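To start, the structure itself, in structure tokens.
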Amino acid sequence: MTTAWNGQALAEAIEAFAPGTVISSSATDVWVEPSAISNVCEGLKTRSEFKFDLLSSVTAVDYIDHFEVVYHLTSLPYAATAVLKAKVGQGRTEASVPSVVPIWRGADYQEREVWDLMGIRFDGHPNHKRIMLWEGFPGHPLRKDYVTYDQSIQAPNDEDDE
Amino acid sequence: MAVKTQPVTVNLGPQHPSTHGVFRMRVMFDGEEIVDVEPVFGYLHRGTEKLAEERTYSQIITLTDRMDYVSSMLNNQSYVLAVEKLAGIEPMPRGVWLRMIASELQRVASHLVATGFLLQDLGALGTPLIYCMRERERILDLFEMLCGARITNSYMRPGGVFMDAPKEFWPALDRELDDIVNTIDELEAYLSGNEIVFSRTKGAAVLPPELLINASITGPMLRASGVDWDLRHRDPYDYYDKVDFNRVLHSASDNYARYWVRVQEMRESVKIVRQCIEQIEPGPVRPSFDDVPRLIRPPVGDVYSAIEGSKGELGFYLVSDGSIAPYRMHARASSLINLTLLREMLIGEQFGDLFVIFGSVDLNMGEVDR
Amino acid sequence: MSAAFLDNSLWRNVYCVLAGESTECAARDYSSGLLPGGMEWLAFLLSALVVAAIFANAILGGVIVLIWGERRLFGRFQNRTGPNRWGPWGTLTSVADAIKTMFKEDLVPAEADRILFNLAPVMIAAPALIVFSVIPVGVGTYVADLNVGVLFIMAVTSLTTLSVLTAAWSSANRIAILSALRSVALLVSYEIPMALALVGVIMLAGSMSLGSIIEAQAIPFILVQPLGFFVFFLAAMAEMARAPFDLTEAESELAAGYLNDYASMKFGLFFLAEFIAELSTSAIITTLFLSGWKGWDPIPSHLWFAVKLILVLFVIIWFRMTLPRLRVDQVLKFAWKGLFELTMINIIVTAVLIAIWPEPSTTELWIMAAINWPVAIISIWVVSKLLGTSAYESPTPSESAPVYPVGTETLPANAGVQGGGDK
Amino acid sequence: MIGMGLPRGFVVTLKNFLRPHSTEQYPDRHVGLFGAAKEAGMNPVQFLVKRPGDSLKAIAGLATVPVKVKQSARFRGNEFTYFEERCTACASCAKYCPLGIIEIVSVPGKIDAQEGESYKLEVFDIDIGRCMFCGLCVEACPYDALHMGTGFERSKYVRDDLVITKDELWDAEKRPSAFYRPQFEENGFDPFAEEMEDFHDAGRHERKTYDEMKKKWVDER
């Protein structure tokens, strides 16, 4: 039986090793300072009380005034899950968050997908390119303010091919 | 004698016959040895997640069918569980049992496709593939009896399934389960001892379990490396805590182990279906429309719910704003994430093994690109 | 005209109908010919053309039937019907395919070397047909009985690879080049065991002429030369790039290999050559190991040949349907480390036996068979042990110990979600 | 490399070689002389004498027998079945369609309308070319007027021909699929054997019991 970490308990535990990184927490989720994601994830993966070795999913939600990057973590040794969130791009500025690829390889394609469709930049990603759409595609389709362009206007350019 | 060689870059796909869909790889190889691989995705991208934001919760079920089109039942199940969790719907027992029967049959079908195409990539000229497909057709016949469609099922609804199984379904299911076991026996007699299959799959693309977990790879690939992680057992959704089954594990973590794990998992799925048939009891298959209306309005919030799909952890992340359509839907596509280590698996291998290793990942382009 | 030439009944019939007052024909009860006397050279030329035309057309017709038959058999092996739409049981399917192929657009890649590109299909089809010139398909029915027939076959069949290489090179396609290089590697490796496997047969028959080899087969040589047959069969499969050695075409890896850029009838010629090669390989196997047209009397010799040919074809198709493909390095290893050793054993054992019985009679051939079979089985077993992968132990689900800790630790009591929700 | 594994594989393929094939010929099955004679209800010799032209055709492999594909009663085909008498033009189907391919235009009917006639349908178009046969429109229909069809042979050369109009629906063969219509299965209706003549048969006929009605309208208020 997997158990889900209580948000508050997890927030306390994170505060214990990385003070000042947790912004808020609810019964299930923990909101973390976006710039500290790298640190917090490193701790969550390596520290013996968490051992979150499997990154289930990385995704992002567009909440009009900000974006939220959502990390679903799984710990195999504890058979536990946790949800980590980071609010980025307050006021719809260019959003960016440190990449967790150095910690979990599994974030590779998922972060690229989030960048492609939602337009959140992942600093330090080793191969920060679009994944589903071609380079030069206008806009990021999953954003709520995305307007479908007439795609015949802008043909795909060849940045992708060397 | 040192021969001066020069690496050659070749684009394989998206129209290559064995890329399991429209997948493109930019492969650089030196002689027969692969030096570098760069996967290129997106040829089947249909924007499912964007489409879902404009549809009601029930209408999205039809979109999930088309994600991983060889295991639509499992997609349905995963999505429906997420909606149930989000809206707090209590499913009807008979509906849940039918859901389990359907999804386990779908797992068998999906593994049959995976095994068949792996052997096709090995160059067996279609014979084992057609034996596998023959059996899958019979499972699809059962699906047609259940819900009227063979591939794009849309069978499940929040709270159960849309309709009870017809009377002729049960004897047909019994017959089919025996046939599946016979076919698996035949397949194993044919290929599990086949020296050519051995010599080509054994020791190819070995990945340590730590690396697999770090790359978020789940499902048969992870179990083939000996990690006992099966969400049906670890996090029993539906009634998986009421059935008894073995988790198939292998320690070699090579291509053969992946093939073997899939074949054995088919046997376990048949066992689960048999137990479901024993335990199923009469009753309604979905809550009345008074309890669960057609237009569901879940409370504001978000939920992530994952099941053990045929290819790995298949999860749906739903965000509700209280309206009839989800504010955001994200599907955790196991096919895409299982490809993370493709480069590591391929580099240094022979060109002839490229598609075998690729096939052993068992991916579906509908799910990779969504 | 030599007398030996007129032993060939096919030639003789055509020639003597044409030739005038030829003494050889007169000796064989042909009264007079169509042409005036002294025009034997013309009669010879015309009869040569007629015989060649008959043979070539018979083979091409046979290929049409073979393509249909092979597809039907594929269907049977794969639990489906196979072609069944056009003609009775789909027999006209290959004809329809041929017509369709001819009317397709003839594409030439922009970067292709046009001369070589156009030459390659011809270069592959011609040698495939030429092989048949030395194969007797019935009593006295052959184009020529060369006294170096076996050598001729080995020489001509190896030309295939040259045209494959030409095709790949001229179409300027990387995948095609890879396929052609594989083809060359395959040829270099398998030509040797293939030739050496025939040494035993040649020693037993004491001749390289296919006619004499058939005459020498008091019992089919497959019984006397099991090892030779085994090696030759596999090497021939590799030589014509059939499963499990179909590396050159490997559609799941190289799409279509060297054929990638060919369309229309040029593709058709390659396709044709492939099936002619299959036909000729079975004909060679039938001739060398299954005593060719020999059989019991009331049934005509051509029918015996056909029956044996179909049997061999069936086995080849069965192989193709059953076995997965080997990898390049495994294929080459199999040739050099497996088949080569087996042929050596075969040659040594046969040489010793020939030294004991220089001109073996039927009984002595049976004794040789009795000695050769155990030798063959033991040596194949030993070589497979030395070469093969060790048995693969699949762990039973319950016994396998997890290597990665899962669910071994427990969370502190306060960590779980409060207020229900199990995940 | 050569062990017992390979021979076992050969045995398996040979076993399958001898099995009857699992595929079906469609849309028609080719029959030889014997099959054609059997189809005509004669013995082959009789057939050969009486109908030499047909028997020649049969020998040439050109004689065919149409094949009925084995389908489940719930098959979701694209030949929709529609009972105008049952339809109230509520447009539930159009609202529920994920692709929005059902177009309904309705006008108020006569004042003294019978049940089911309060609205008149002007347009009822289903664009089959974009339909994905999820069956949600059928599921949404509150009066069981629209049903999935069991047929599927509707391929056309022009995309516009794929739109099913009201008249076409009205004139089509009434072979409704049992998809989301459990009453068909209870009544033993077989769409492949018979047509549904009476629109009354297509209904659900379920009456709420007195207690249920009371609970809903009295107790819960």
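Order of writing sets the labels: A, B, C and D. Residues in every chain begin at 1.
Basically, contacts are C-beta pairs under 8 Å (C-beta built on N, C-alpha and C of every residue); 3 or more make two chains touch, one makes a residue touch a chain.
Fair warning: this is a prediction, and the values are worked out from it, not measured in the lab.
Undergrad: Where are there more C-beta contacts: B-D or A-C?
TA: Greater number of contacting C-beta pairs: B-D.
Undergrad: In terms of CA centroid distance, which chain is the most far removed from subunit B?
TA: Relative to subunit B, the chain with the farthest C-alpha centre is C.
Undergrad: Could you tell me which chain's Cα centre is nearest to the average position of every protein Cα atom shown?
TA: So the chain sitting closest to the middle is B.
Undergrad: How big is the gap, in whole Å, between where the Cα atoms of subunit B centre and where those of subunit D centre?
TA: Those two chain centres are 30 Å apart.
Undergrad: Cα centroid separation between subunit A and subunit D, in whole Å?
TA: 47
Undergrad: Quick check: how many Å separate the C-alpha centres of subunit A and subunit C?
TA: 59
Undergrad: Roughly how many whole angstrom separate the Cα centroids of subunit C and subunit D?
TA: Chain centroid spacing, subunit C to subunit D, equals 51 Å.
Undergrad: Which residue numbers or ranges of subunit B touch two or more of the other chains?
TA: 127, 131, 134, 191, 194-199, 213, 227, 229, 234-235
Undergrad: Among the residues of subunit A, which are close enough to touch at least two other chains?
TA: Subunit A, residues with two or more chain partners: 1-2, 76, 79.
Undergrad: List, in ascending order, every residue of subunit C touching at least 2 other chains.
TA: Residues 77-80, 321-323, 330, 388-389, 404, 406-407, 422-423.
Undergrad: Every pair of chains that touch: which are they?
TA: Pairs of chains that touch one another: A-B, A-C, B-C, B-D, C-D.
Undergrad: Can you name the residues of subunit C that touch subunit B in the complex?
TA: Going through subunit C, the ones touching subunit B are 74, 77-80, 174-175, 178, 243-244, 246-247, 250-253, 255, 320-330, 388-389, 392, 394-395, 397-398, 400-404, 406-407, 422-423.
Undergrad: For a test of understanding, state which residues of subunit D touch subunit C in their complex under the given definition.
TA: Those residues of subunit D that touch subunit C are 1-3, 6, 9-10, 12-14, 16-17, 19, 21-23, 25, 30, 32, 59-61.
Undergrad: Considering only the defined contacts, which subunit C positions touch subunit D in the complex?
TA: For this pair, the touching residues of subunit C are 75-81, 84-92, 318, 321-323, 330, 334, 338, 380, 384, 387-389.
Undergrad: Which residues of subunit D touch subunit B in their complex?
TA: Checking each residue of subunit D against subunit B gives 1-6, 8-9, 11-13, 15-16, 22, 70-76, 96, 98, 132-136, 139-140, 148, 177-180, 182, 185, 216.
Undergrad: Show which residues of subunit B lie in contact with subunit C when the two form their complex.
TA: Those residues of subunit B that touch subunit C are 8, 10, 16-18, 32, 119-127, 130-131, 134, 191-192, 194-200, 202, 209-210, 213, 225-229, 234-235, 246-251, 256, 260, 264, 305, 350-355.
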